Amino acid sequence: MTRTVVYQVRVEFGDCDPARIVWFPNFFRWIDAASRHFFVECGVPPWHETEQALGVIGTPLVDTHAKFVKTASYGDLLRIHTSVAEWRGKSFIQRHRVMREDTLVMECDEVRIFAGRRADGSIFALEVPGAIRDACR
Amino acid sequence: MTRTVVYQVRVEFGDCDPARIVWFPNFFRWIDAASRHFFVECGVPPWHETEQALGVIGTPLVDTHAKFVKTASYGDLLRIHTSVAEWRGKSFIQRHRVMREDTLVMECDEVRIFAGRRADGSIFALEVPGAIRDACR
Amino acid sequence: MTRTVVYQVRVEFGDCDPARIVWFPNFFRWIDAASRHFFVECGVPPWHETEQALGVIGTPLVDTHAKFVKTASYGDLLRIHTSVAEWRGKSFIQRHRVMREDTLVMECDEVRIFAGRRADGSIFALEVPGAIRDACR
Amino acid sequence: MTRTVVYQVRVEFGDCDPARIVWFPNFFRWIDAASRHFFVECGVPPWHETEQALGVIGTPLVDTHAKFVKTASYGDLLRIHTSVAEWRGKSFIQRHRVMREDTLVMECDEVRIFAGRRADGSIFALEVPGAIRDACR
């Protein structure tokens, strides 16, 4: 049993390109919001707070694989169903299914890490914090 | 031997997020530009012209798989190396490697189609036009 | 008495820049959505339908003047209060007030036109259609 | 005599909306880049360095007034001519003229401040640093 959180998006005129369909980078914009929304709904504080408590500055993306199944256009209401498909030691797979009513529009599996920051400004993968993992069950 | 075209990007302040690294949907914005730039450099006309000549309204994305290898931040100059890795009957794989000097920052394999539009407004995959394929050699 | 329509926005992580505040072009993204949302709420059809019925392809911006009063950041819920402050012969002034609860965050007066398209592809200002003006009262 | 710096932009397919013209928030994206580019060309360091040396975290916008004179579309090459029209005690007016060859496409006057950050995270206007003002002559 995995927890699923839904994030809702209205497609706007400006999200569409001259072919009158959603310009695809906007799907990733929404999926990134859905990714963070998942943690917010699970009770995880904003990243500038977790930075102090856990050293976590965010969950940058390592790998993403997306399939675009149907087009969408302005006026559409999309619902992104987000869950964690797998927890690993230093990363996790977050799965997003973008639905328009019962129609699958796009789906995406992301590998993300919980990132810390070194003194030189570079970032690195932390062990998945148990407190966050527990919050997401 | 495949043709490779380079598209250059300056990373701007507004492309970065509160973690001070490029917010990842912007990579897809640049890759989409690199994809079209590839065809422009190969001599393919803009899509509103190909629409009349070939029925092609653009090259929408069907599937994309990206790996984020290094972070980038504002002030960075990125060079996206784009080629067609494979031509299929009704689709093609376009490969993009985002470099900062000799460092690989991100790489991405896309499956794209040449799209036509039906009378009802929906889009569909055309056979890869021979004229475009020849232009890209 | 002018009609006011409210458009709601959640500020996302990716809307913010390295200073951790909303990167200002995103305000214009939301205001453009609020502008169209105003017409939708007043019962005006989508632009690809008005194109056939009235020759209107959209309401492009001619002039905008915005004041940024307070910063906003991710997690904020913004409500954009939109009204038409003035109807002119071939243009109108749309006013947007972006609020976070009782706090004014940003305000913006836009001059927009109802645009038609000429045979050569260029656009021009139509007389404000009476049917649309009446719908917005 | 005021110094003018030019920032060059290629308009991309994804910058355009279903009316096939640049979606206007993208002009502000480019103008923000031109604003920072102006300081970079004048020798001012990136904001994360000025934060330590001068307490300056960036130049947020207080007020902007833009006129949209001509439309632009993908394939266009735009050149943004940026200068400081006026220095004030705690703000300055930056002027941007977006040109396509000899045609004025858009112009914009911005009021910006040099921002510092208080301990509570809020930002405020600093006196215009003399070192930066001198660098921009």
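Should a chain be cited, it is by its letter among A, B, C and D, assigned in written order, with residues numbered from 1 in that chain.
In the analysis below, a residue touches a chain if its C-beta (ideal position, glycine included) is under 8 Å from a C-beta of that chain, and two chains touch if they have at least 3 such contacts.
Keep in mind that what you see is a predicted model, and the values were worked out from it rather than measured.
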(message) Can you report the angle of the rotation that maps subunit C onto subunit D, using C-alpha atoms only, to the nearest 5 degrees?
(response) 180
(message) Regarding the subunit B and subunit C pair, does the interface count as same (over half of residue numbers shared) or different (under half shared)?
(response) same
(message) As a quick test, compute the distance in whole Å between the mean CA positions of subunit C and subunit D.
(response) 23
(request) Averaged over CA atoms, how far is the centre of subunit A from the centre of subunit D? Could you give it in whole Å? (result) 31
(message) On a C-alpha centroid basis, what's the spacing between subunit B and subunit D, in Å?
(response) 28
(message) Multi-chain contacts only, two chains or more: what residues does subunit A have there?
(response) 13-14, 17-18, 20, 23, 25, 29, 32, 47-48, 58, 74
(request) Show which residues of subunit D lie in contact with subunit B when the two form their complex. (result) 10, 12-14, 20, 29, 32-33, 36, 40, 46-48, 58, 74-75
(request) Using the touch rule from the top, collect the residues of subunit C that touch subunit D in their complex. (result) 17-21, 23-26, 28-29, 32, 47-48, 57-58, 60-68, 71, 115, 117, 121-123
(request) Spell out the part of subunit D that touches subunit A in their complex, as residue ranges. (result) 13-14, 16-18, 20, 23, 25, 74
